[in-house]
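Both complexes below contain chain A, partnered by chain B and then by chain C.
Take a look at the complex of A and B:
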């Protein structure tokens, strides 16, 4: 799953959340480079990249924004394929956005099983007074599906780095497990390359 | 793709991870500040313990933002001052070194420490910009076009024999390999093997690969071999793919017909993002004329980039004071892309995407190019599975070709650039100045983009014209603008003013505008000349 380069690991992380939950601000806040203005102007929010160092290992996060509107529902699997992690964002003042998160979790689980590390972000904690999703419910739900729950605010820059660090940690852990059992997994996934390379070439094709 | 500030290729970072790992580990554990001079500044610099002492620094116990070198006496002090590092005590002379970026670092216990990428070493001379095998960063960037890749392979005398072998394999494939319908995967397997075997041969014989300590030269080589092979067999392979994917291509063509005349709003794009996207359309329209997978993928990627840039410019132009522009997310990017596909008249979209999915092996599926392919695949699926016929009812105006508004916008780009670069303030420029409420820096960025965009368009248009005269494949998106409209636009002066914020000109302006098509900077009229 996770591609390794000489220096470390590459992970694909999909970002899910309804339009108004602030998922874009959240991730933009995370990847911004305060030392380089140019970075911001060339920014597009649909594909972002962040590099970390964890215990001397380089971790490269490719963060994919996913079309989340209902009408694009059928396209989800095209985006999720081969992802190592997912961040599901809801707005704590909007209960519907939390319900939507639940349906994505189901879909991701159905498609990728436990191969994907999940984070659920309750965003906009700066609007705590208007909260409509109870902390206890959200945390209990996250625990029940093996996801980690985080309280975030893009506005106050709270909880974001912690969330990505935790996700990276878990993705690293699961790759280490993977590496140990890679031979059994290779056949499980559509790892076309490995299977095909083993085959003997047919010389000259069909002629 | 590697950018030169990527730590993966940085000699100092690599030394930290190998020779001086224990010192790096200790620095992480103690959460020191790690200053990493950018790769280009490290040529000829001797990385030793002294160098490490200066670049791994401990926070001063007394003063904030002060850091002390880790030699025995802690003889040097630096100050992190916003975007700069000031070298103060212990340095031969005080200096001010720019911080380029910061990378998040966490130690084994997941406690954060700071890693700053800096312009040059805190101490020591900078001799030049070179990679580890004496190759420039430009040289270590993969080529895009077929010919560039072919030239690249021919550059190394030690690889002459391999080039010959490769040519022979390609020749054999083109002459002897019989393609049987339904066996596309076998062709892919065969070609992939040719690419990999020859890449291996290249790498073994090449003198520079052994010297280049990072994987960049190898990556460039992989791209070059693949591009050379696939470009050479493209006619044969793509014909087979098109034959097999014909039903899909035909279905998409029908859907694209339905999409003619449909607007972004009708497709559910948020109103503020709706604007003409001529640069993206022109970029995508050249897809069928490209023969290598890498260049095709790059074309998809730049189409998406153009959409983002054009929307960003539109947003900045219409920005209410005090607001920051919104970001384009996948929910809006996708329908905009559907429109661009319909306007660019991609006749072989399904075949092209299949080609990229199965006949391109050298780039990561995760990165920006991988994302571009997935976005196009998603857009194609959306087109295939959506009925657009009912949308037309609201809109009687059916666009036959790229609309006048879009061409207006295209020439607006052109004029914006010309007047900006010529230096004198033409009426057009003045209007731009007056109407733009954006900060000077963004105007600058805008005009840089416009210049880039114009150059790209010129390039694309000339290539499209070249390729359309050679092959019958691609249809020019400007095809509808010859004949009548050209007559209407007899020679005349260019329009005085093209409003910057208005994309829907009156009919009355048409004559002037069309006249501009004849004498504009593109120096050729749009469409095929027969």
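Take a look at the complex of A and C:
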């Protein structure tokens, strides 16, 4: 849920993709601006946090890395439950990883419908010579599922900033659209809490 | 002993015996750890200071209540049901409980007020309670115990004469349970009061009142299902959150202050309601706890390499971290508030990151973190795992649970448990036969000695020796086998030789022919010998005497 704390909007973004496609490098580059660096200060790259300011709105991104090994595939739903955005990463030199992305997309669409904003990242464009996934195919596929496609390289620091920014913007938009729905939900919530508020008139009467 | 002291005395190292004695002068020795008191006096001192603390908390609560009353006018102006009146009694006051009450958490059910001594300690005594002495408390305790045993007897002999007594008896075991736990609640209450003291008056009052009302309300409706209770608790968090941002009492509080207030609220409420809400008897939590515990026990053979966990267990640092992480996981069960349980998970995760960092020298990604977490859960086998997870997900403040780092770690723990529940041969990259063998205990994975390593050094040595012996036995067996082979080979070779000799003998029989001696010709021999040198002749050499 896009909880809006006093500071601004909180978004949960999951990173999905096969092992070794560079999810971790991608997010480390984004948050720490470092690649394969010995001076990386963080002990971990599985949960990272980034604060943005988009058009005067404060946005707080919680970036959840997920385990990419095949054996953990079934755990996906636990991870992406309640997330606002997903970044699906594949390696442009590895066709299988792209197939995997397709299966993730299918699953996400089935479980979350259109509540989630998707980004597909073709990572490792520094290895353009060994490309195995054609640009046209990938972009056409992304368009067909309503996702944005980005060409990224954690090594060269390309495309990453843009991708996160675009995703954040889209998540912001969708929460605005959602606001009508959520307000109705809130009112429903209130009707539940009325029992608790039964105390309130008492204190209200006294003040 | 005596000799060194006498020598040291000269160097001014003497300690007078009087200094070693208890400060109270009871004649026993005191220790530094007890600030110079002996054990008995120390306990007494502690008791006194704790009483003082509790009393001051109660007083504070009373003051809060009184000022609240002044503002709101006498309670009679409001239509209050008897039940509410009871809850407005200054002794019930707030979340604090009257001093020295052994069971502050007793739900204020009507039966409780008639049958046994009420939680607030006889409501009729009203405000006097705060000044009760310890003796009175003791007396009361005895009284209650008597009434309990009496009612027990009546229950058994006559099937319960009066309803109130029967109810009192039914509550007896419950009361005892609560007595055990009162320590934690007391501490939580004390912390909460400390916290309220630093808040401004109206906010403290409001928090106190809301908490009290909520706890009582939840304890009154004892027939709610867990889901309904969870919903109530969540609604409470929600409405308190709203209240903090809208209500006049909380004007001027920052969002950080709000979140600390929420944390304190959560802590105090959940600590008090823990008994009722953790692993409720109506749910199947307990069965699931046992199921997962057994499951983990059967999976003890799983090794880090099977999960692709990048752990260098030979590193002593890593080993120490592994132990600490397990302690934290196990410790989770002993915490009462969801927020404290979550903190345990966070600490476990931090330790995991450290050990991965030490093992591979790079920041841990989720690819590294999750397998190690699974391995930790398997190794630690934390008690009541399922119940703890359920409890946290039902009753934790959603703002904390769903967001941020804590939420991430908690989700990962859920993932780990789900993985363990559904684990099969494929998920450990084993063949089905291997998996079945390991599961049934027919075989152990190679190099798994470490995994089953018992904590006791002696046992570990025994296992090491056993495995050495086993190794020796195998080698002995193979040596024996080889020796037998060699023997067999030798016999076969000998037989072969004999056979062949026999064969040759039969095919080529030995026929002895008469030997013709050629006649020696003298001439020829002389001819032959003439080139040869003359045979050596012995010569006598005269010896010179040595001068």
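Heads up, the rule we're going with is that the second predicted complex is superposed on the first by the 173 of 207 C-alpha atoms of A that agree within 3 Å, B and C clash if a C-alpha of one lies under 4 Å from a C-alpha of the other, contacts with A are read in each partner's own complex, and residues count from 1 in each chain.
One rule holds in what follows: contacts are C-beta pairs under 8 Å (C-beta built on N, C-alpha and C of every residue); 3 or more make two chains touch, one makes a residue touch a chain.
A quick note: this is a predicted structure, and the numbers were derived from the prediction, not measured.
Student: Quick one: classify A:56 as touching chain B (first), chain C (second), both or neither.
Tutor: In the superposition, A:56 touches chain B alone.
Student: After superposing on the shared chain, does chain C or chain B touch more chain A residues?
Tutor: Touched residues of chain A are more numerous for B.
Student: Taking the superposition on A as described, I'd like to know which of chain B and chain C A:161 touches: first, second, both or neither.
Tutor: After superposition on chain A, A:161 lies in contact with chain B alone.
Student: In the superposed arrangement, does A:136 touch chain B (first), chain C (second), both or neither?
Tutor: After superposing on A, A:136 lies clear of both chain B and chain C.
Student: Kindly classify A:69 by the partners it touches after superposition: chain B alone (first), chain C alone (second), both, or neither?
Tutor: both
Student: Which parts of chain A are in contact with chain B and also with chain C?
Tutor: 3, 5-7, 10, 12, 19, 23-24, 28, 43-47, 49, 62, 64-69, 71-72, 74-75, 78-79, 81-82, 196, 199, 202, 205-207
Student: Using the touch rule from the top, collect the residues of chain A that touch chain B in their complex.
Tutor: 3, 5-8, 10-12, 19, 23-24, 28, 33-37, 39, 41, 43-47, 49-56, 58, 62, 64-69, 71-72, 74-75, 78-79, 81-82, 161, 165, 169, 196, 199, 201-202, 204-207
Student: Residues of chain C touching chain A in their complex?
Tutor: Residues in contact with chain A: 71-73, 78, 206, 209-210, 213-214, 231-232, 235-236, 238-239, 245, 248, 255, 258, 308, 350, 353-354, 356-357, 362-371, 399, 402-405, 407-409, 411-412, 414-415, 418-419, 422, 426-429.
Student: Please name which positions on chain A make contact with chain C in the complex.
Tutor: Residue positions touching the partner: 1, 3, 5-7, 10, 12, 15, 19, 23-24, 28, 40, 42-47, 49, 62, 64-69, 71-72, 74-75, 78-79, 81-82, 189, 192-193, 195-197, 199, 202-203, 205-207.
Student: Provide the residue numbers of chain B that touch chain A in the complex, in ascending order.
Tutor: 6-8, 17, 21, 24-25, 28, 83, 99-108, 110, 112, 115, 172, 176-180, 183, 186-187, 189-190, 193, 214-215, 268, 304-305, 308, 327-331, 333-334, 364-368, 370-371, 374-375, 377-378, 381-382, 385, 441-442, 445
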